[in-house]
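Chain nomenclature is as follows: A, B, C, D and E, assigned in order of appearance, with residue numbering initiated at 1 for each chain independently.
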Amino acid sequence: MKNKNKRTRMIVYTILTLLAVVWVLPIIWIVLTSFRSEGGMFVDYFIPHHFTLDNYKMLFTNSTYPFGRWFMNTLIVAVVSATLSTFITVVMAYSLSRLKFRWRGRFLQGALVLNMFPGFMSMIAIYYILKAIGLTQSLVALILVYVAGAALGFYVQKGFFDTIPISLDESAMLDGATKWDIFRTITLPLSKPIIVYTTLMAFTGPWMDFIFARVIMGDNIQNYTVAIGLYTMMTRESANSLFMAFAAGSVLIAVPIIILFIALQRFFVEGMTSGAVKG
Amino acid sequence: NNSASADDKAVKLWVDNKAYKPIVKQFTKDTGIKVDFKIGQSADAQADLKKDPSAAADVFMFPHDQLGQMVQAGLIYQNTKYEKSIKKDQTDSAVQGASYKGKMYGYPYGVETQVLYYNKEKLSADDIKSWASLTEKGKLTTNFAGDGANYKYVPLFMSNGDYLYGENGEKVKGTNFNNDKGMQVLKWIAQQKDNNGVIQSTDAASLNKMSNGKADAYLSGPWDKVTLKKEMGDKLGVAKYPTVNFGDGDKQMKTFLGVKLFGVNAQTDKALNAMKLANYLSSNKVQKQVFDKLGYVPSSKSVQASGDVQKDDVAAAVTEMAKPENSVIMPKLPQMVTFWGPSDALINDAYKGKLTSDTEMQSKLDKLVKQSTKSEK
Amino acid sequence: MAEIKLEHIKKQYQNASEPSVADYNLDIHDKEFIVFVGPSGSGKSTVLRMIAGLEEITDGTFTIDGEVMNEVAPKDREIAMVFQNYALYPHMTVFDNIGYSLKLKKTPKTEIEERVHQAAKILGIEPYLERKPADLSGGQRQRVAMGRAIVRDAKILLMDEPLSNLDAKLRVQMRAEITKIHKRMGATTIYVTHDQTEAMTLADRIVIIDHGDIQQIGTPNELYNEPTNTFVAGFIGSPAMNLLEVEYYDGMLVSDEGFSVTLPQGISKQLTDKGYEDKKIVFGIRPEDLHLDPIAMETYVGGKFTTQVEISELLGADVMLYTKIGNSEIVVRGKGSDYVAPGTAIQVAANLSKAHYFDAVTTNRII
Amino acid sequence: MQTQKLSVREALKVGDWRMKLSAIIMGTSQLLHGQILKGLWFLAVEISFFTWFFARGIKSLQSLITLGTHKQGFVFDKKLGINVLHQGDNSMLLLLFGVATILVVVIFFYQYWVNLKSARKLQELDLYHKSIPTLKEDLSALLDSKLHILLMSVPVAGVVAFTILPLIYMISIAFTNYDHNHLPPKNLFSWVGFENLGNVLGGDVASTFFPLLGWTIVWAIMATVTSFLFGVLLAMLINAKGIKGKKVYRTLFILTMAVPQFITLLIMNNLLNDSGMVNTMLMNWHVISHPLPFLTDGTWAKVTVIIVNMWIGIPATMLVTTGILQNLNQDQIEAAEIDGANKFQIFRDLTFPQILFVMAPSLIQQFIGNINNFNVIFLLTGGGPMNSDYYNAGDTDLLVTWLYKLTIDAADYNLASVIGILIFTLSAVFSLFAYKRVNKMNNLG
Amino acid sequence: MAEIKLEHIKKQYQNASEPSVADYNLDIHDKEFIVFVGPSGSGKSTVLRMIAGLEEITDGTFTIDGEVMNEVAPKDREIAMVFQNYALYPHMTVFDNIGYSLKLKKTPKTEIEERVHQAAKILGIEPYLERKPADLSGGQRQRVAMGRAIVRDAKILLMDEPLSNLDAKLRVQMRAEITKIHKRMGATTIYVTHDQTEAMTLADRIVIIDHGDIQQIGTPNELYNEPTNTFVAGFIGSPAMNLLEVEYYDGMLVSDEGFSVTLPQGISKQLTDKGYEDKKIVFGIRPEDLHLDPIAMETYVGGKFTTQVEISELLGADVMLYTKIGNSEIVVRGKGSDYVAPGTAIQVAANLSKAHYFDAVTTNRII
């Protein structure tokens, strides 16, 4: 019995390790590339022949690509929009999972349908809407757009809320809690994992989006986020020579996100502090 | 908003390299016209302009093949003011590239063609005279089967005497690839699959192959010079394209000629200043400065002929390729967009051996011509 | 003050074919202790949940102190409730679970402390105040649920089988506590249980429900002594009343299976007067009104009959004899000394004046 | 004390003058009943709406009908010696702001209706001599029975401005001739009705549309299902009892989520190249003699994008699943163990259905998202390899990436919009159907 | 065959300060019906869960038929179990819930149908087979949980308070069904309950647990008649045995509060012999061994004492008198006719030969 357990465990370890290698190799490749001094975009070996820090230095010294500035922009946008988006997503999910009101079913269906139109097609329209309210080329505009998008991305969260026993709400209602109290003191504390998940997703968005952000920012390079910045590095002329700097930039983008992921994993792992109690 | 005398307002400029900064400073010093200097990609100029012309630059860089659409959408100001001097100073191809349907719009500041890079240690100057000897003696790395095959190999049709949108590239119904000559070219492309001297590779990988000696020759533009030079040093040779034989004798292999232009935004409220700046940036003096700093091959006749340019092997090769017998000006008709995709597909499929019979090749050529030459509604 | 009135209350769950509660009428006085009993699935919890406002009332009017409450939000009804399935907040400690309602009311911390501790003490869960519900045993959880309800000074207290997971001793103790709490709080209380003893000892009045219908409302004694129909008769009392379908005929009750007793004159006169001569009636007699001792045999001569013992259960002081006449089961409760081995036929004497007589068709009580 | 509900219509008929005046001057009833703030709000809404409407709105609506009449042109200016631009109408902006105007009008009418309903309520309270809710009561209702209004109105406003408005605008374009021949600002475009739809379904675009549609659906299903299934499996493996270093493994997989897609995909593209590292290594190890055409052969490329998409999608699923796994009711799993279920059966019958239950809505969304999954295809293959049977599309092109090419390269916005609407209709039908199914499955406690 | 042996079994929860089960030793014979009783939180469920394999055994050996099972996975133990909290599968219908284990064993469809229907019929839940658990009442859910256990022909059947949510009538019925099922299946059964009657009627042997320790193992009669200590004495029997701390002195039992009886000679001799002269002992007498009738007063002269009635509960045939001598409560169970109004002082006669005598320090039984 114990032996069998051990064997299956060994198999699991092997599979996991293999998979982890597959997943991590490309990442390691980026990291190594960011320290590579020779070659260009393409080399057919894994470990660089010469290591250098120049690629990183270049990012912070080259005035065409004010990476430091971009990084701060992105950080600001990410933090603000993650906070607001999470709030909005969770609030929407809660409303649609727990509150009873007239157009609820319709709203759910409508929201589902609204997400279906190819997003890039509305970019120009959104640009002009932002322009009409005088916000183009600003970080606020970016935040606004990301946060507005959060209002319809509540499905996972709603699914999660649906699994919290309704009797907890009922019990709290009788205890004199308003719906708002229930949301605050019962639902939210029980939803840590999903909140963390939502925050992470919302936080990573601005680091990754290069199409939309580029449309909004136009030629205002000072307000670029790292993603637009990096993406604009990859033109026909510059792709090859800037590739290692690009990799260095990628590594720098990944760092805050990874730190956040690791830091917040605990909440995921904890899950709900304890299972539902009877029923 | 059409008063062109708002001198106090800065002219917004999009260029793709900050090396222009001191040049623009000089301009401001000379003329007193303030310039709002912004870095942007010349290739994106059209899209950015289209998105919101009023927020776009007053003067911007762009490749000449976007001119057709820009004119069509009314995005670009006609160049009436400096037309004459440009016609005088610039090469004919450059003038042609800056004009559309008989009117001039752009301010040319450079030309761009592909050239042949090769490894001097492996290949002699004779070896590279023809495609056959080149691929027999050495290995050519190129991209028949992927993105960009159209840019590199569509000119083969013109090498064999076909036309793309007519002689001057402005005639919608002027494509005739679906004749026998076209078939010859397509078959030739298909044969390359079995040519051991041709290695299929993406551009990025090609550079690497050149560097590590796995390939000896590579067709590409001046932008790859820096990388190749760095990796290969003195081994790097640059030359014009070889000849090719499609079945009835050697013919010069051609390349697309691109003209680099400055343009003035049609919506600008400081037209005169903007034009002045555009003209300044395309002047001989600036072309020379830019060539020195960035290696952009000039479009001005006099600068091209100057010693510095001719001493530079890439620039020399480009000016050579830019001659009408070695290149075709890339058409700028808006219809080009309907040509690029299908032609890429056709060359890819031909190379990969997907077109198995002559009739299939013929019908594919017919389709390409038909699709890309639909007239305007 | 908290007078509750239910008028023609009906509940139809969306996905159920029949209404779970049909035409429920009930007046509950201020400070009364009402107990709902009824078989599993009869709608007890449903009524409770409607009163609490957790389930919409399909039809009818529900008032508290004359005010219509159908549409009032649960939190505004000032009702405390102990849930059948506890519904504890898993992320809060026992202390926080109990103190939650007080916290919502912005009660000062020290007072919360005090009241929670007091409640915990009554319920014997003081040692667990810092634990989370998942780390408690079933009975401990149930007591926490009780605690949550009693810390509040609610006008109305609803309890859905609050003691079902406790052991007998604790139950007796809790019962006493509930009585005390009720006296102290003075809350109008509705209590659902399936425990006879609980119902009998706690209730001012008991409501017996079956299939969403009220069968009888009355004090424990009324229900026990004057059940309105065979359902109530069979439901109240443990072991249940023996019910036999018999024919009334010539002053006697006779069944095909061999049962036969002679009724006292008073009773047979009444039956005849009410026109039951030669008709089927249901004869009901409680196990404790069947006697085995010689004296009883003498006293209740007319009530003597013979039956076959199938099982004898010795329950401490008592013995329970499960006997059969033909296919009808008759349970007899005797003293421990009356133990008879299974298989023997015994003579039993019924105290017929304590027996009950029901209409066989309507099942309603005749006498 | 039974109260009868009045409908707004009845209330208008039988109501007093305050009610009736509310129908003309919004907020009257509230003001006269002492709900000052509410009344002022309605009044302000009405005044500002009409001011705006007469100043701008009417014109905007008119322009929406014509989509502009003045073309831009150049006039020679002797003084300057050049042609000078005369601005014309910009059809695109007229359309956009016309749509916005309609939305504003709709919102106003909604407010008007709310105003009437609120007046009706007051009327009813009057009728039964009940007290009028104070501001404080109204506000506290927002925290309870009307919490959804408090919570949702701001997000919904965002949705209206940044999703619905652009959406209606995009849909409208399908009925115009906004193509490369009618590009603003120089040219005007105008309404053409259903002409474009015919062009897409009948024209030569159709021979590309239908094959791409097929692949899009195959892709969406495969991409969604593989990421989900393997994500769940991975989560199960990592969370298996007795596995140490859960956190490390989880972190390793999550790393991929931390690097922007356009970077990882570029690298994937690099690695999977004909002469990329994967091929080079396989050839060095003599596993293969010719490079595998991961990205250059149509069929290979399709498989490749699905696999690479797994690489991207699995960690996210793994993460959510982990969250769900830890919240699963342990009792049920214990019961199943006792019932004799082995690990796999527990997974199949308990864990998986419940994960599916939680994730079903998001799966539908992911499916839709994958139909529109621009990034993966665009960045990894760019739709390639090109297929000469198609019109400007490659083997891995989805409808969206094709659409993108059509808009960016060809500037045929009207065609793109029609195709967009077709994709949209398709997804909508599918997802509403799926959603109904999920809802059916929904009634478990 | 299924003989269960627990040797020195111990359970310490990680976050608990004391072991929940300490040194548990128990032999269960094949086909035996064992009932665990004990106060809430005494570790009953914990032991059950260890036997099922759901909880790791901290220490000790657990064997089935001589085979050590400590490490065997639950599914390989061939155990069926009814959970205290039902643990139904929320996404399956009642039918699927019950049939799940059969489906796992690849039983043919028709047989599953048949067995599920049979189980459902026994439990009276046939009408609900197509519902999901969420749409059932508490009692209905509990019966589904039972159904799940009984469709399987497991060698060992564990039931954790399986009837706690059922009404009295259904409970009696279910009890009978459980007996039948046990006879038919022949499974070794462990049954946790806090219901005296259930324990008494169902058990071959009862195990009494307190604080994770076994207090006594024995047949119902043994426990009732010969409780080993005051805990068992107080726990078994309802209402509980009256326990008074008294001094034994000169053949008499005397308390400070005014209680005093004279022991029969046989008993006092034994007490004296065992050295309890002048020592404190605990005197235990069951409510039913206290009598009020004149005949008893004559018969048990030495056992007469006076006490104050506080509460009288009329429970159908019986009356329960809660009385007090000083601070000690004494419950008397009389006939319905013995009803006495609260507040009166009454004379009670104790049948001292049925009384129990315990050591006041060790709490163990003396006689």
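Convention: a residue touches a chain if its C-beta (ideal position, glycine included) is under 8 Å from a C-beta of that chain, and two chains touch if they have at least 3 such contacts.
Protein names from UniProt, one per chain: A = Sugar ABC transporter permease; C, E = ABC transporter ATP-binding protein; D = Maltose/maltodextrin transport system permease protein.
Predicted model only: the values in this text are computed from it and were never measured.
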Contact-graph separation of chain B and chain E, given in steps at minimum: 2
Joint neighbours of chain C and chain B, given as chain labels: A, D
Pair exhibiting more inter-chain C-beta contacts, A-C or A-B: A-C
Farthest-lying chain, centroid of Cα atoms versus that of chain C: B
Separation of chain D from chain E, taking each centre as the mean of its C-alpha atoms, in whole Å: 61
Chain centre separation in whole Å, for chain D relative to chain B (CA means): 39
Separation of chain C from chain D, taking each centre as the mean of its C-alpha atoms, in whole Å: 56
Chain A and chain D, separation of their C-alpha mean positions in angstrom: 17
Chain B, residues touching no fewer than two other chains: 202, 204-205
Multi-chain contact sites of chain C, meaning residues that touch two or more partners: 15, 73, 75, 85, 135, 138
For chain A, residues that touch 2 or more chains besides their own: 41-42, 44, 124, 128, 165, 178, 181, 272, 275-276, 278-279
Residue ranges of chain A in contact with chain B within the complex: 38-44, 63-64, 124, 127-128, 131, 136-137, 215, 218-219, 221, 232, 235-237, 239-241
Contact footprint of chain B on chain D as seen in their complex: 72, 74, 77, 80-87, 180-181, 183-187, 204, 270, 273-276, 295-297, 382, 384-388, 390-394, 405, 408-411
In the complex with chain A, residue positions of chain D that touch it: 92-93, 96-97, 100, 140, 143-145, 147-148, 150-152, 154-156, 158-159, 161-167, 169-170, 234, 237-238, 240, 242-243, 246-247, 249-264, 266-268, 270-271, 273, 275-277, 280, 311, 315-316, 319-320, 322-331, 354, 357-362, 364-365, 368-369, 371-372, 374, 400, 403-404, 407, 416-417, 420, 423-424, 427-428, 431-432, 435, 442, 445
Contact footprint of chain D on chain B as seen in their complex: 1-2, 4, 47, 50, 53, 69, 72-75, 77-78, 80-81, 145-147, 199-202, 204-205, 209, 266-267, 271-272, 275, 334, 337-338, 340-342, 344-346, 348-349, 352, 354-355, 364, 367-368, 371, 376-377
In the complex with chain E, residue positions of chain D that touch it: 329, 331-332, 334-342, 345, 349-350, 353-354, 357, 441, 443-445
